[in-house]
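Have a look at the structure below, then the notes.
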Amino acid sequence: MDYESILKEVYSEVKPFLNKGKVANYIPALSKVNPNKFSMSLQLFNGTSYHIGNTNEKFSIQSISKVFTFTLAIHLYGKELYKYVGHEPSGNSFNSLVQLEYENGIPRNPFINAGAIVMTDLLMNKYKDKTFLQIINFIKSVSDNKNITYDKKVVQSEKEYGYRNLALVSMMKNFKNINNDIFEVLDNYFKHCSISMNTKELSRAMLFLANNGKDPLSCKEFITSSQSKRINSLMLTCGHYDASGDFAFKVGLPGKSGVGGGIVAIVPNVMSICVYSPRLNKKGNSFAGTKALEFFTTKTGLSIF
Amino acid sequence: MDYESILKEVYSEVKPFLNKGKVANYIPALSKVNPNKFSMSLQLFNGTSYHIGNTNEKFSIQSISKVFTFTLAIHLYGKELYKYVGHEPSGNSFNSLVQLEYENGIPRNPFINAGAIVMTDLLMNKYKDKTFLQIINFIKSVSDNKNITYDKKVVQSEKEYGYRNLALVSMMKNFKNINNDIFEVLDNYFKHCSISMNTKELSRAMLFLANNGKDPLSCKEFITSSQSKRINSLMLTCGHYDASGDFAFKVGLPGKSGVGGGIVAIVPNVMSICVYSPRLNKKGNSFAGTKALEFFTTKTGLSIF
Amino acid sequence: MDYESILKEVYSEVKPFLNKGKVANYIPALSKVNPNKFSMSLQLFNGTSYHIGNTNEKFSIQSISKVFTFTLAIHLYGKELYKYVGHEPSGNSFNSLVQLEYENGIPRNPFINAGAIVMTDLLMNKYKDKTFLQIINFIKSVSDNKNITYDKKVVQSEKEYGYRNLALVSMMKNFKNINNDIFEVLDNYFKHCSISMNTKELSRAMLFLANNGKDPLSCKEFITSSQSKRINSLMLTCGHYDASGDFAFKVGLPGKSGVGGGIVAIVPNVMSICVYSPRLNKKGNSFAGTKALEFFTTKTGLSIF
Amino acid sequence: MDYESILKEVYSEVKPFLNKGKVANYIPALSKVNPNKFSMSLQLFNGTSYHIGNTNEKFSIQSISKVFTFTLAIHLYGKELYKYVGHEPSGNSFNSLVQLEYENGIPRNPFINAGAIVMTDLLMNKYKDKTFLQIINFIKSVSDNKNITYDKKVVQSEKEYGYRNLALVSMMKNFKNINNDIFEVLDNYFKHCSISMNTKELSRAMLFLANNGKDPLSCKEFITSSQSKRINSLMLTCGHYDASGDFAFKVGLPGKSGVGGGIVAIVPNVMSICVYSPRLNKKGNSFAGTKALEFFTTKTGLSIF
């Protein structure tokens, strides 16, 4: 397929939507980005990649980091992981705290905040005070790129305004589903959410999930084929909070969004994709980013369905 | 692939699970089936099909009928449909009534009872007193089979014990999301749930969903490619109530289960599958049926992820 | 105390509020009343009574009938009653259906719709097809008045629009907390809600609850002193749905309101009160009626606190 | 009435229940009390008091302190208070967090933990770093007793295990219903919960609420008559979490319990009461204490209903 032309068409169709939606403003550090940026990157197995827009623009990966921490946790814990976290859609955004209470502190899945906080706690059991170092090293490894850093201002802002996350971790500690000190857990969690990457880097980082857990370029095997499929299935059912069904419906690919405006998506056995645009729709997912992926799968027929 | 051998292996591996779980007993008519039956059918695009077990055993298709009513409704209403029903996972079985109340009588998706009842009501707006006739004719058409009937004893039993469904339809009528007489709506709903088919027939009936809405054998186009993908995505995210994430995780295919013990699954562009075994796991899905599909996708690698 | 003057003052102070709020419009039959009517009646133990406003205006007693059915049920079943209904505040109006589902079909208390429907069902176990006759005869007896009737148009309207009540009774039947035919239960329930009385009659009817279960005028003992205190305590904690705390806070008397615009209140050992004004506040209680009772207890100091 | 004999009878009847229930064990410091203690004190307006059992035994007043903080807050803020807290029963223990989320961080009433934390925060707005000093001074003042202290071990234990309270305050801070530093708010909250008193002192401290806000012995007027009635009404509707209806039903007096095993109750215009026994029933209220109050009001007829 002529991906270069397709990207151009997508870009041209998505332009009218670039001023739709609102940049995340729950923390000041995120609200200051240029709201009209857009970029999209495709990473193929043969090493070819296609890019359009502001592809050097780094952004806060936010919840996309949950894919990395879940991958590491599944690698370290295997099936034992599901004692601490479920793998069902949460149904509704408001359920996060409600369900935590009903379900005795076991989060619905690793892609809601509570679940990702549990993943961080589990990594801390093994990696101790090297936890964040191990997480960022893992991202460098899957990205085949040593220049991945995090934004200290975003971490600071998260700490100042992160009362909802403090409520979540306290609640789970109360139910004994958090083992480590809650403030250290949050510190690591906020750090990995604050990692900055551009669409080039993120699409490259996700390639192993398009190829059954093995990076086709570096030939490193990060997880088993079965684990890789499960991560993809979870991205499909739970990757966009209470708009997961809608994303599956319209885009038809496993994906994970972040409030920083990024979305990654996987075309199994074909490619990995990343799109960025910081204005969010009402459900907290990139407005133009979602549209771009929808146009892309419509044009290419690359839905998994 | 040598599907005949694979089916034999699956059958042999699933045998130890055939006495696990319990037959649905919420209505007497369903509780009387032989609990140890098992059959599995694969339907390929070239007309070839593979079968194992008690493939002539007819069973109540129950919630699998929701795929047919949703297909008809999407065909008749297009996008206007989503005024009356959502397309997000419901999160939790108990939510059915709770969410109906919070969300003003709009069911989460067409595959929970409330959603399927709304589909039936929408069909009645168009088909009037021919509604059930049109539904069963549609099933005959996608099955390419004139011998599809329903079980009047099951309908009678549903009516006698269907107080929860009466609560659902009353609640939605209260919110004006049901247009027709609630008892006539339930009558049509119970009838299409009580249709009896075997795995041969059901796997054949689902083939159009594996081929973008067009039956590759009869060459009839029932719905558009885009609509077909959306039905598949919905089966993946919402096809198994609050075990939908688990099914996606373990089986990795769009599917829909019924409390009668049947499960249908779609391998896009490859085949349609039906498995039957009446004992259910705790989430109300066929115990051995789920296992068989898990073994099948593990052996064949035919997951969409 | 000079109750005549006090009533005049209350009437004068309440006048500016008579056009506040909205008449119940969930059924057409209720929406047709004259919205600006007001009356208030005090019934003392010595037979003296005080009245102001349109005291001959009959209105639909609606939920006030729940006091009568609970009284009859407590009389017939004693403590066994609490197998079928609780005696805790329901917290929130939306909880009616939610809590029914969580709490397996056992309503929170006899003053929410679900609870009153259960009372009606329990009366039917004993009184069979004489149930409504027995209920209205009981009301005639406590009122010492043979001219109590019900409004057939209101019953008809309730039946046509009562889908929420049908949802409630279906749900409880599903949980086996309803013994009789659900449509006959609703028929009796709608009938006793549709009884018409004026404030004179209703204040007289409640006098036994101000005197420990015994009518001080007719000297008939309807229930024990302990049962009477429990009914009063329940009116205080649960008599006004999710505004019960507010009523206790501002009025400080056990009371029960109906969407027809009536409110009854009890001053233990002193008097019974009834006030009527059909416009309702946001919580579904008479706007001017609540205000009038607030003015009355402020002026007289007749709060139980 | 011969209260001395009545107390003896109550004591004798309550003895078989002294080994029923379980001492609070959510924090180690509370679990170490002698589980079989019992005492009961009555404080009359003329200065006479009656006592039975281990009346010198001090215990952690816990949630009874919420009556004092609400009183201080109502005194300082008047009606403005109800911007920050409601006055409705919460319906169900689990609702604490659920309702906080639905109702945007506004707690249902000042007697659930979230509500009392808000009261503490409001007091801190006015009293700054003298907040706890002002609270304990107020208790000394209403008790007419300078020897009131708090238990530092209990505070320490609360801090170590208070993750649920941390979740509540974080959630409310997230909704901007907490103004001060959340850890300082919790520090003050834990301190006033850890105040130690015996039934003599607590019954004396509550006397002003039995006399419309004015201590009949010291003649100090702490709050207005109207405010006093409102505190009493709130104790009746919300004083015992999700067993408030049951307490109103069986005891018929405004009251407030604490997990330390104490319960205070008010007989308006007659006396104030305190009972202590550390074993709790399933709802978290003193088992024998509740029984003793039930026996007391049955014997004396001193219910408000």
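Should a chain be cited, it is by its letter among A, B, C and D, assigned in written order, with residues numbered from 1 in that chain.
In this text, a contact is a pair of C-beta atoms (placed from the backbone, for glycine too) under 8 Å apart; a residue touches a chain by one contact, two chains touch by 3 or more.
Not measured: the values here are computed from a predicted model.
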{"item": "Comparison of A-D and C-D (more C-beta pairs in contact)", "value": "C-D"}
{"item": "Length of the line joining the C-alpha centres of chain C and chain D, rounded to whole Å", "value": "32"}
{"item": "Mean-CA-position distance for chain D and chain A (Å)", "value": "47"}
{"item": "Residue list for chain B, restricted to those that touch at least two other chains", "value": "none"}
{"item": "Overall pattern in which the protein chains touch one another (line/ring/star/complete/other)", "value": "ring"}
{"item": "Chain B residues within the chain A interface of the complex", "value": "86-92, 95, 99, 108-109, 226, 228-230, 232-234, 236-238, 242-246, 248-249, 252, 254, 268, 298, 303-305"}
{"item": "Chain B to chain C touching residues, read off their complex", "value": "94, 97-98, 101-102, 163-164, 166-168, 170-171, 173-174, 182"}
